[in-house]
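The following pair of complexes shares a single chain, chain A, combined with chain B in the former and chain C in the latter.
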Partner chain A sequence: MSTAEIIARCQALYDDLDFTSAREWKNADPKRKVIGYMPVYVPREIIHAAGMLPLGILGGGDQMEVIHGDAYYQSYICRIPRSTIELGLTKKLDFVDGMLFPSICDVIRNLSGMWQLMFPDTYVRYFDVPQTYQDHIAGEYYIEELKELMAGLEKLGGVTITAEALRESTAIYNENRRLINAVYDFRAKQPSKAPSVEVYLLMRAGMVLPVEEHNQVLTDYLAAAAEEERPLRDNCKIVINGAFCEQPPLNLIRSIEMAGCYIVDDDYMLINRWLLDDVPLEGDPIANLSAAFLHASADTAAKYCDRAEDVGQYLLSTVKKTGAEGVIFTAPSFCDPALLERPMLADRMDEHDVPYISFKYAENSGQMQPIREQAGTFADSIKLWS
Partner chain B sequence: MTITAGVDLGTGTIKTVLFNIEGDQIEWLARRSDRIRQRDPFDLAEKGYDSVLADAGLSRDDVHYVATTGDGETIPFRTGHFYSMTTHARGAIYLEPAARAVLDIGALHGRAVKMDEFGKVLGYRMTSQCASGSGQFLENISRYLGIAQDEIGTLSQEADDPEVVSSICAVLAETDVINMVSRGISASNILKGIHLSMAGRLAKLLRIIKVREGITLATGGLALDDGLMAALNESLTKQKIKVEARSHPDSIYAGAIGAAIWGAFRYEKLQQQGLLAKAS
Partner chain C sequence: MNATAQTEVIKDSSMLLQKTMIAENYDELTSVQETGKKVSATFVPGNLNELVMCFDMLNNLPEINAINNGMRKKSGMMVMQAEKMGHSEDVCTYVKADIGSMSRGNIAPNGKPMPPPDLLLLSYTGCFTFMKWFELLRHEYGCETAMLHVPYEGDGIVTQNMRDYVVKQIKENLIPTLEKVSGVKFDIDRLRENLRHSAKAEDDFVWVLESAKNKPSPIDAYFGGVYYIGPIFTAFRGTEKAVDYYKALRKEIEQRIAEGKGPITPEGDMKDERYRLVVEGPPNWTNFREFWKMFYEDGAVVVASTYTKVGGVYDLGFRHDPDNPIETLADYCLGCYTNRNLSQRVDMLEKYVNEYQADGLLINSIKSCNSFSAGQLLMMQEVEKRTGKPGAFIETDLVDPRYFSAANVKNRLESYFQMIEQKRQGARSAA
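This part shows the complex of A and B:
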């Protein structure tokens, strides 16, 4: 299968706001349940172990006109909760049996309450992840949080989630993370062979496909991309930071690359790479998931960093690891976590002479010319003067 | 010796140049410009590229770097792309080494760029979205008035009582022109009025980016309009900006020239690093 065929399939999944593939998965067996989740992270292993389909809900993108959603939020709130409400009210999520709202910011927390009021028959959970990292405090808390989630899913599905099922699901997601990291590593080394729009669509496919299918798609893409000859352009390598929740329109990603920047790392759909290492399969699977979150998970503005000197170190190490020549801070308008963290990250980049630029977007941004010019002149300055 | 091509895909015209660069020695091998006129710009770019190669007796394999600029980000045979501010600044230094600012006056935009002696961009500003300060607007008006484009400059300089038009909006400006025609204002005075209006906006751009003295090179298609250049220097004097605006017979190629020169620079840099990119 060629990269074009694989990406065409991923694009179709991306464009489909009715989530047809997830509906078909559910309709294949009346006992099946679908659990929606929002960014940044939920332990999909538990949902999978319950025999359910985790479904990433990343807003309505630039194809959805938000009419009802605007009535629920003030004008100074980002767009993802509005378009998510629009998805709900227009019955595009009427097949979803449960919704998980991770503790990313106040807006998403409030959305979980609104969802409970609007859709009383849906299982709704505000998934509160720890903000400290000691095992005897945060670990104990988080294990209980995971157990509560497990109990909720067991009740919803009328199933028992066994330790063995959890281990099997963990193994499958370990494989998923390995393949995703392989795609990211491949792109960092040969960015001309894995355009960022393709990598993005591949990752988006993982939000709606069963993980086993996604693993196959990733395997096929890696094989096809390695074979395909594509011209190497004189672009600079950059890392994207700040786009971990509301997603940019596809054209924005395309515009950045068109402007002369190879994106060699990003924080789009961070859930795919949240846990940095394989989660051990021996021992208590819930304790293992907890330890992985506390001690080997990615860093982002939505996760508390308890030592000031550590802020920005994860981004800096990404820049070094990928050989990036600069950072583009691109955050959604009104995204409190990303925009409040940005000055601290920028300071860290300054300290290490890493050039950067910043701009904002919304998931329905349409004017790409200013972004192209900004990213393009940034690329020029790196190529000619750095 | 580095053979580089520069392709400037503008709104109205594609400019293609070919250079042979060795250290400070810059040899201009061939040039070509094509009006787009509703044709496929990518086809034209391809033909223009092959044409300059044929003129120089070279083939595509002889070219080390193809640099695009303007709207040429997706031209398939490019090695790399540079943005217009970057390329016009470098092209201006090549054409007029004393220049420290550029006014790029094209079919759709006017753009002021401030640079240092190496062509490094220090600041820039563009006209707003409206096309009333652009070559396309001037072309439309000359068509309404039944005047050939190459007559515009001469006629404008014959004006004795110019009538200034709106500099904010092309639609308002066109309405102004219709009113002037019905009031019997001469074509010379109308054209000079348009030139003064455009020149006022361009001089303001220079002031905003703090270009207060020295030589500014006009580039882009309208740099060859003598009437506009005269109006521009009048506006600069009127706004007490001690800048001399100059043009050059090859001003239209400035973007393509800058792209080609930067392309050679990048080629050498990448060669040193063992990281050569290759055009398709």
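This part shows the complex of A and C:
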């Protein structure tokens, strides 16, 4: 299969705001349940182990007109909650049996309460995660939270989640993370062979497909992309930071690359790469998920950084690892976590002479000319002066 | 009236007492170089004043400093200064006023520089921004930081797991850090004593809030309410001073009730109570008096507000408990208003509208504060549905004067008062 064929399938999944593939998965067996989740992280292993489909809900993008959703939000609140409400009210999520709202910011947190009030028949959970990282304090708390989530899913599905099923699901997601990291590594080394729009669509496919299918798609893409020759552009290499929740329109990603910047790393769908290492399969699977979260998970603005010297180090190490020449801070308008953290990250980049620019977007941003100009000027300045 | 003429602001004796307390507190804070006292910076929701005082430390509250700067018309420049330094125009203006104030010398209301904190005590309770705010302050000050993560009541309940997590953090992280920074050993009996003071003050504070059930209400529970919450939400909870303040305040309000008086306003006693409102959301501080006047000049009194619950929801029964000193601190943090889920907040508002016999719910939606604001339009719909009373929505900001549009706010309020009148006429016609 060619990359074009693979990406065409991913694009179709991306464009489908009715989530047809997830509906079909559910309709294949009346006992099946679908659990929606929002950014930035939920332990999909547990949902999978319950025999359910984890479904990433990342807003409505730039193709959906938001009518009802705007009536629930003031102008100064980001767009993802309003388009998510729109998805709910227009019955595009009527097949979703449960919704998880992770701890990311006050807007998504409060959206969990709105969902409870607006969709009282849906299983809704605000998924809190620890913001401290000691095993005997935060770990014990988080393990209990994971068990509560398990109990909720068991009740919803009328199933028992066994330790063995959890281990099997963990193994499958370990494989998923390995393949995703392989795609990211491939792109970082040969960005001309894995355009960022393609990588983005591949990752988005993982939000709606069963993980086993996604693993196959990733495997196929890696094989196909390695074989294909594509023209190498005189682009600089940059890392995207700040886009971990509300997603940019595809045109924005495309515009950055067309303006002269190869994206060699990003935080678009951080859930795919949240856990940095394989989660061990021996021992208590829930304790293993907890330890992975506490000690080997990605850094992002939605997390508390408990040591001042560590702020920005994750981004800096990404820049170094990928050989990036700069950072583009691109956050959604009104995104508290990303925008509050940005000055600290920018200072860290300054300390290490990493050039950067910043701009904001919304998931339905349509005007790309200013972004192309800004990114193009940034690319030129790196090429000429760095 | 001559726009430049300054009329004398009329204040009750409790307001004057509080003014003295706050002035003394700022003097104490700005004298630490001489006294050698250590300073802990922390937030109003989840404020652990009783614990901090066990280590002879002083509590400095960045939110309160931002409010002070807002009310003294100084915050606008500070916010813009922070934006020039690279902070986004989209984020919380308390944060930007605080950072802008630092860059301008961090001058306290007494004209002396505020001391840098020895400890950033991050009680992450009900507001995501707090977490990043203190990371930003740590970035500037480079001082010790202690994190207390308080889980959110997503399901509207506090589980044993949530409580245990907070208790463990207090026992194993906070107390050792406070001991290390202050050099003072923790004494649990001292904490119990402070908690006893808190509980006494809380009893009188609740009595004052509930006095608004009278008709006419002797207090304004929003504009006046921000004065009444002052001591108990800040550096005085757990002190004898706070006990004395609330005792005096209660007597003052008892006297008002006996005399059939309405609330005090900057222009004297409010004479004619025409509208009784419940208000959700923090006030605007940059134009506080102008904002208040829009209410009292039309005879609108706020009989209950949620803002006066951000530092503790005492009127639903919580009291600091000296018999369970650490656990009670955990319960306090977990129960603060913005740590409650939307259903709980709607239930509270419904209860207030009914029990305080309000004419409706007014939401002052704050641009800076997503913790409060996200979901408020749905909350208004729910409360309207459940109570049959009309709701209204206005938008302002905390300490950014660019987001206070007096004409817009006044227009909306006047329309709202007309709507209440029409509802009344409709009810009379139906009867």
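As a working rule, the second predicted complex is superposed on the first by the 386 of 386 C-alpha atoms of A that agree within 3 Å, B and C clash if a C-alpha of one lies under 4 Å from a C-alpha of the other, contacts with A are read in each partner's own complex, and residues count from 1 in each chain.
Heads up, the rule we're going with is that a contact is a pair of C-beta atoms (placed from the backbone, for glycine too) under 8 Å apart; a residue touches a chain by one contact, two chains touch by 3 or more.
These numbers come from a predicted model, not from an experiment.
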Touching partner for A:Glu341 - first (chain B), second (chain C), both, neither: second
More chain A residues in contact - chain B or chain C: C
Chain B versus chain C as contact partner of A:Arg233, first or second or both or neither: first
Touching partner for A:Ala259 - first (chain B), second (chain C), both, neither: first
Which of chain B and chain C A:Thr377 touches, first, second, both or neither: first
First (chain B), second (chain C), both or neither touched by A:Gln313: neither
First (chain B), second (chain C), both or neither touched by A:Trp385: first
Residue ranges of chain C in contact with chain A within the complex: 85-88, 90-92, 95, 124, 127-129, 131-133, 135-136, 138-139, 142, 145, 147, 149, 151-152, 154-155, 159, 161-162, 164-165, 168-169, 172-173, 341-343, 345-346, 365, 367, 370-371, 373-378, 382, 395
Contact footprint of chain B on chain A as seen in their complex: 231-235, 258-260, 372-373, 376-377, 379-381, 383-385
Footprint of chain A on chain B - complex, ascending: 65, 73-74, 76, 78-83, 85-86, 120-121, 262, 265-266, 270, 277-280
Contact footprint of chain C on chain A as seen in their complex: 71-74, 76-77, 81, 101, 103, 105-107, 109-114, 116-118, 125-128, 130-132, 134, 136-138, 140-141, 144-145, 148, 301, 304-306, 308, 311, 333-337, 339-344, 346-347, 360
